[in-house]
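Report on the following structure.
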Amino acid sequence: MARRFVEQLRDGDNLEDVYLVTDKQLRANRNGNPYLLLELRDRTGGIQGRMWNAGDHVARGFDPGDFLYVTGKVQLFQGALQVIVTAVERTEAEKIDFADFLPQTEQSIPKLTDRLRGYLLRLGNPHLRALAECFLMDDAFMRSFTTCPAGVKLHHAYVGGLLEHVVSMMDAADKLLALYPAVDRDLLLMGVFLHDAGKTRELTYGRAFGYSDEGQLVGHIPIAVALLAETAAKVPDLTGEPFPRELMLRIQHMILSHHGELNHGSPKVPMTPEAMLLHLIDLTDTRMHMVLRDLKEDRNNPSAWTPYNHNLGRRIYKGGALGDLFGESGGGYD
Amino acid sequence: MARRFVEQLRDGDNLEDVYLVTDKQLRANRNGNPYLLLELRDRTGGIQGRMWNAGDHVARGFDPGDFLYVTGKVQLFQGALQVIVTAVERTEAEKIDFADFLPQTEQSIPKLTDRLRGYLLRLGNPHLRALAECFLMDDAFMRSFTTCPAGVKLHHAYVGGLLEHVVSMMDAADKLLALYPAVDRDLLLMGVFLHDAGKTRELTYGRAFGYSDEGQLVGHIPIAVALLAETAAKVPDLTGEPFPRELMLRIQHMILSHHGELNHGSPKVPMTPEAMLLHLIDLTDTRMHMVLRDLKEDRNNPSAWTPYNHNLGRRIYKGGALGDLFGESGGGYD
Amino acid sequence: MARRFVEQLRDGDNLEDVYLVTDKQLRANRNGNPYLLLELRDRTGGIQGRMWNAGDHVARGFDPGDFLYVTGKVQLFQGALQVIVTAVERTEAEKIDFADFLPQTEQSIPKLTDRLRGYLLRLGNPHLRALAECFLMDDAFMRSFTTCPAGVKLHHAYVGGLLEHVVSMMDAADKLLALYPAVDRDLLLMGVFLHDAGKTRELTYGRAFGYSDEGQLVGHIPIAVALLAETAAKVPDLTGEPFPRELMLRIQHMILSHHGELNHGSPKVPMTPEAMLLHLIDLTDTRMHMVLRDLKEDRNNPSAWTPYNHNLGRRIYKGGALGDLFGESGGGYD
Amino acid sequence: MARRFVEQLRDGDNLEDVYLVTDKQLRANRNGNPYLLLELRDRTGGIQGRMWNAGDHVARGFDPGDFLYVTGKVQLFQGALQVIVTAVERTEAEKIDFADFLPQTEQSIPKLTDRLRGYLLRLGNPHLRALAECFLMDDAFMRSFTTCPAGVKLHHAYVGGLLEHVVSMMDAADKLLALYPAVDRDLLLMGVFLHDAGKTRELTYGRAFGYSDEGQLVGHIPIAVALLAETAAKVPDLTGEPFPRELMLRIQHMILSHHGELNHGSPKVPMTPEAMLLHLIDLTDTRMHMVLRDLKEDRNNPSAWTPYNHNLGRRIYKGGALGDLFGESGGGYD
Amino acid sequence: MARRFVEQLRDGDNLEDVYLVTDKQLRANRNGNPYLLLELRDRTGGIQGRMWNAGDHVARGFDPGDFLYVTGKVQLFQGALQVIVTAVERTEAEKIDFADFLPQTEQSIPKLTDRLRGYLLRLGNPHLRALAECFLMDDAFMRSFTTCPAGVKLHHAYVGGLLEHVVSMMDAADKLLALYPAVDRDLLLMGVFLHDAGKTRELTYGRAFGYSDEGQLVGHIPIAVALLAETAAKVPDLTGEPFPRELMLRIQHMILSHHGELNHGSPKVPMTPEAMLLHLIDLTDTRMHMVLRDLKEDRNNPSAWTPYNHNLGRRIYKGGALGDLFGESGGGYD
Amino acid sequence: MARRFVEQLRDGDNLEDVYLVTDKQLRANRNGNPYLLLELRDRTGGIQGRMWNAGDHVARGFDPGDFLYVTGKVQLFQGALQVIVTAVERTEAEKIDFADFLPQTEQSIPKLTDRLRGYLLRLGNPHLRALAECFLMDDAFMRSFTTCPAGVKLHHAYVGGLLEHVVSMMDAADKLLALYPAVDRDLLLMGVFLHDAGKTRELTYGRAFGYSDEGQLVGHIPIAVALLAETAAKVPDLTGEPFPRELMLRIQHMILSHHGELNHGSPKVPMTPEAMLLHLIDLTDTRMHMVLRDLKEDRNNPSAWTPYNHNLGRRIYKGGALGDLFGESGGGYD
């Protein structure tokens, strides 16, 4: 039977399906009887659930981030839908189609991965190519790298978002290198590949998007430097040579400086041409993604402006239809 | 006879040549006798000149920015060369080969101009193409636009620098548009063309690079908006239609927001995709120019770091020779 | 029949009057039936309206900013009054007494206009006087200038607010010029007149106060510079002479720098005595208006402090009654 | 015999006159013999003095800030004049005409004092008038108040500068009160009087302008609050009533907040109308003084711009002669 | 009968007890009949009360900050408990056990006071010891000092908090003096004692914690300086000597600079070793108190992170149980 | 023969000794002949050397950072001493007593090292104690750690400075832990030990103090994290257990956040009690070191204030002699 998504639920519906539980609170009602307040989600949205007379024994049976097979009834209460839950059963994540629960890139992850591999396997510098191979051969890393979002909310906040962001930046790097030939292509592409690789451990994205403890305490920049150290240690096995020290410093520096400024969390500012261009390409792809997403998500709203975006600190102008730019309906300017 | 450039002068040389005077001060020596202290320059550097017993009558005969035919003798004084000037004669600018006095782009200005025209004449939007034509037909504007530096010192600080910067940004725009297809190509290219057009009046570059009074009091952003208004007024003659009002707002907005932030002198932050991308391309080309120029100018200095750059707030890492990156001489990393 | 203002509505009233609609949303109720949610306003406040079973055809008949003749019934719902709307009919703005819908200055607009004309027609500099005359003769401009608020919320946020603010600043300028005789009176008064003139196009104030697209994309400072350029072009017809270039630069500079700092949206900081004094008078009038308005609006509240003002970042101290300052009731200080 | 001022000294002059010594260093020359290096000043400038073979016994005989009767000879050395000192003798300050050593206001201090008294003795509030009288009767305070500069360098940096600044602000307050009638006149004038009164102890100005230890460790704002407390304690003797507590808080608040922002050294921001207007009048008088002084001091320099002012962070535009503003010489604008 | 605390109230309870009223609003219901909306509090929390048909005569009988003997009934309304009040009677503060209404330090105030006295009476410098004695003998001051919280919310926000904070800082000072022997112990301890003494008048803490008018207009730093001046005036009676001027400046400076930076409200930055160390100890004790309190208050919440703390701008990591740090349950790191 | 230190050189001395060369420039004199300009240093200061007619062959024989046996003659030139160098010979660093060339801690490095070991070997947590042992057994690391300065100029800028700083912080931590018992002692001491351990590779201190390329490109914070990862990998050999993951995160976090704020180069702010206290102890020790060093170095200068310290942004008050604080010489305050 086809899944009933949150956005399809209506007052009075009977509910029997799997949902991701993202919040769980054990509360007492006014008579002092305990009840469970749940937040149930899938990729189309969230709905509150209340399970009356559900005490500690039920609450201990699962945690936020678990998938629950929920039985209950949808009802309208104080102007919003909620579910009166009658039974919950923890479901193994293996049986779940994650695509039902987390937003996904609209592009093909395998094709994006192929494009990434294409860029990396054509690197001319043998040390860098070997380094890339060591990462590409690390299945656990690649599984994370191709699944991870690029952010929790800010930009590319969907499964495959990190990969999409990195391939988009590689395309940009590929094009801009023609303008700035003094920039080392191999180094820049390696920087693009690794700059956000620490997000594979900074973020949690198995069920809901969030920050891991390591993510909050250490952050993706030092994690990426650690990943680099661990992986570079394997390179001499492939090349028969030690990994060149200056090359290592230059890669570390690209990762450490890619936010561009200290107060954005980079402990160093860019001091090589490759680090500078990496930062600028990252800034460009991130900003353009945010602007174009705001426009796209708001395209059916008749206002000439998108809603206020707190990260950008502004609204984006949508204006009239494209045709208007050619003046058919316009009054002219004078 | 070949010109004797400032960098070729030696102690004891007799001097008879034209120099640009960039500073003039009438001073009294310790006996109360007046003398003239001059700064003489050509594109290779500057040297101080002293003209003893030269009073008001001589000083009034020229102003900073004039070209003087100078007669005198070079001498070493307190560890530096100076010229004891015996005669000066104001020379008409028409007789001067400006190339001797101001640094020039290393690229061909006519070829850059052709590339600019190529981009603009292929614009699809008829209003924007007509606007571009009105600018291209304005000989005075184009003479300034193709001569003007992009800055006094900061970046592209040479004759033709503005043109070189704009064409480089058009190349970048052309390439990045493939990545962000929702961005309007015609608008973006028009923004690239006009964003710094006000520098043609903000800067002085006939003889030495500096700021005009209009430049300091008004600045290149409002000047560009005024140039746009004046030129757009001619477009209806070509198109037979009024210039579309929204299109005008979008171009004005690109100019007004291209520095990206209020505290960088933009009275608006970018709020359209084209304004955002214009800002990012400008930032990229400017930053990369500065980094690569510092590296290039310092390439013969054995230090691994360029001198401190106050605008960037950092030094740039030069490191070892390219070969070193491949580890021949290296010690390896572990 | 006298108008029934929003603040006069009571539970159970029948409603038949014209209101400004400031928001319109087509929603579905829980049965999936569409209804219209409206925000209806006049100068005394706003009230929500719900029109059941009102589909697309009704919603398309008007837009936010229109005046609607509304039939319905007031009822109390969840602790607040709302209107159950049974019919709406779009009304032509011409039939409306705007004074019913927008807050107005408490001063007389004609008298303020006379005082403005008095200042301007007594300017000694013939070019500036002619420039002022060109603005004063522009009926469309003057209609906007004498109607426009000085801000949407911040200060002088009522019809005639811009005019009141400008005349108040002219009074201040008139007085302070006696202290700083080196300041050019004519220039300063022209700066006061024009500094916020761009607000006539930055803001919308026909029905509700808001920002126009031009206001958000361009802003009142560049608009004022454009207004100046357009109007100054007519001056030579009156004076028979070209408008002096330095004078033009000084006026442009006053407009461009009047916010005092780049991060307040001025692309230039004040660099002439007139620009500096204009900025300081503007700051003084704006700040004093905000402080005194907060005190006045809160005078009936017994607290010794006004509510927190987010723009000022503080509360204002009201203290005891004036008599208290003379100590009748006080305990003394020691 | 008329005094020989520093600016009148010439190479070869014999010197016999009193100078203020502002720096004293005992140095050893290359042979290890001690000599004294002195900075000698009067109000026209400073000159270095060297006293050979002058050991500890001479050096101990005076301190920076003392007046010395100096005997010596002026000579030119390495491009600058210096004095070879042969004898120095400490002179009692009582014998000195301070006007020779410190810059003075161009206005009459007695007339300024009369104007100050006029404002204060007409205060309507009996407590404030009595407070003012207590200050005016304090001869030591008034001697300091009418002598003290308003700053070491920043503005009104001359003897009588504080008084001149305060009277100028009282004039401004007097005029602006007409515009903002809700502001309490008496309180505002008292705030103007006392806001910088702490500078009488923050600064040293008996011989040279500088900061006292109390000035650096405590600052003029807390000193003024202390002066207020000490003097207000005497008021009940005059009025027969305790000084009203709220009135005291309002005066303290004006003093404590007059710099307007915490990061300018005010521990409170203005939160009463009087404190706000006091801050704005102070800002206006200070800024206008700096701008107009820069213009005045640079009036004979042909550049269109004053030298860079580090406190203002800008240069000031002087432009053409006043006549030019009327366009006789101008090229017109279009 | 034992007091019924707010946290013990249940739906349906009859209420007859004393509560602190912290807010009072006279409102009209939909029929235009007046009712009173009250906020009733004790140290366990707050609850809203509604008194129907209670007009002006009831409302005038008490003010926020008063204690009311309240009769009424608890009921559940819109998901929260409220009290339907039937009678209120103002109760004299003298009859109240304040411990029921305000949070208290968990330490013994008498013991803390003894420890404070111990530190102060062992000061070696006779002037400082005499100064301390003058404060300790001032019963009104000491009553305030030992009762006052150290902040309204930020840190040590409970009765006795200021005393606890000061004694904790004295312990820290005592220990750190061993590391920095060049710091003057007596001065530092006096600075610790007095740095926040102005909070005794800046805050109100008789009934609820808040700011006095003097606190908002003047602030605790200038108040402490005034307290110091008043008390130091009594010292010569004990010592028979004038209070040394430099010592006074150094104490004033410690108070004035203890926030460390101008934009934190200190009009001076620390410029003596004692002022610097005082600032650092204060910062340390304040920050550690906030961090440890957040951890303590959240210890029963299963999340690994405390709630977001707006003053600190972060959450604090709680992590696993202490045992986990030893790895029994851990997976190891590699 | 006893070494002739730079501060002992006099005009006319013959020079034959080893100096550290810190700068080398090959210049041409006015006749185009090459000469070498050298900066020669030992721990007492620096002096310029000129070697006439010394071409490329001489210049290539050594680099800045080398030790040179210099033969020449001291002479006075333009008011300063210089050395006319007649011969230079590169000397092996092994033969050098580094103590002659670099400033050293005044404490005993072996004793400091013993105290460090004492703290570390008494750690209760077996994983942390084993981690400490792995560092202590690493001779190369410990040689660097006990030699390295804590900064190039800022604080503890001498051989052994890092060790001295760390031991001083351990003493402070040891003492403050008594006040904040909820802080984990073992974790905090480990954080103190490692927080600046990356300076062993960030700085160069074999001959002169400076930054390594790794130091500038990577910085001491990521280097310390890498050192931790490398060394922690050896711990399981000692403990037989994996290193606990949460413990690792907490140590990494202390290192990454110890500068306290992002814009000071910490990519994370402190979010555990141990990280917060570590930051505060580091701040305290660093600030107190700077203040007390300024006072100590300036103790013989009669001014009441130390010279301006650019890092602290202030001067430090020295005031009168300690005795003065007791008022023998004072005038009293009132």
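For reference, chains read A, B, C, D, E and F in written order, and residue numbers begin at 1 within each chain.
As a working rule, contacts are C-beta pairs under 8 Å (C-beta built on N, C-alpha and C of every residue); 3 or more make two chains touch, one makes a residue touch a chain.
Heads up on the chains, UniProt names are A, B, C, D, E, F = HD/PDEase domain-containing protein.
Computed from a prediction, not measured in an experiment: that's the story for all the values here.
J.: Please find the path from chain C to chain F through touching chains that uses the fewest steps, and give that number.
T.: 2
J.: Which other chains touch chain B while also touching chain F?
T.: The common neighbours are A, D.
J.: Which chain's centre, taken as the mean of its Cα atoms, is farthest from the centre of chain E?
T.: For chain E, the chain whose C-alpha mean is farthest off is B.
J.: In terms of residue-numbered contact pairs, which of A-C, A-B or A-F coincides with B-F for over half of them?
T.: A-C
J.: Measure off the straight-line distance from the CA centroid of chain A to the CA centroid of chain D, and report it in whole Å.
T.: Measuring from centre to centre gives 61 Å for this pair.
J.: Taking each chain's centre as the mean of its CA atoms, how far is chain D from chain F in angstrom?
T.: 43
J.: If a residue has to touch 2 or more other chains to count, which residues of chain F qualify?
T.: 213, 216-217, 246, 250, 253, 271-272, 315, 317, 319
J.: What chain pairs are in touch here?
T.: Taking the chains two at a time, the touching pairs are A-B, A-C, A-E, A-F, B-C, B-D, B-F, C-D, C-E, D-E, D-F, E-F.
J.: Once bound in the complex, which stretches of chain B touch chain A?
T.: 125-127, 168, 171-172, 175-176, 178-180, 182-184, 187, 232-233, 236, 241-248, 250, 253, 269, 271-273, 276-277, 280-281, 283-285, 287-288, 291-292, 295-296, 313-317, 319-320, 324-327, 330-334
J.: Which of the residues in chain F end up touching chain B in this complex?
T.: 30-32, 213, 216-217
J.: Quick one: in the complex, what on chain E touches chain A?
T.: 10-11, 76, 81, 304-305, 315, 317, 319
J.: Could you please specify the touching residues of chain A with respect to chain F in the complex?
T.: 213-214, 216-219, 221-222, 225-226, 229, 246, 249-250, 252-253, 256, 262-268, 271-272
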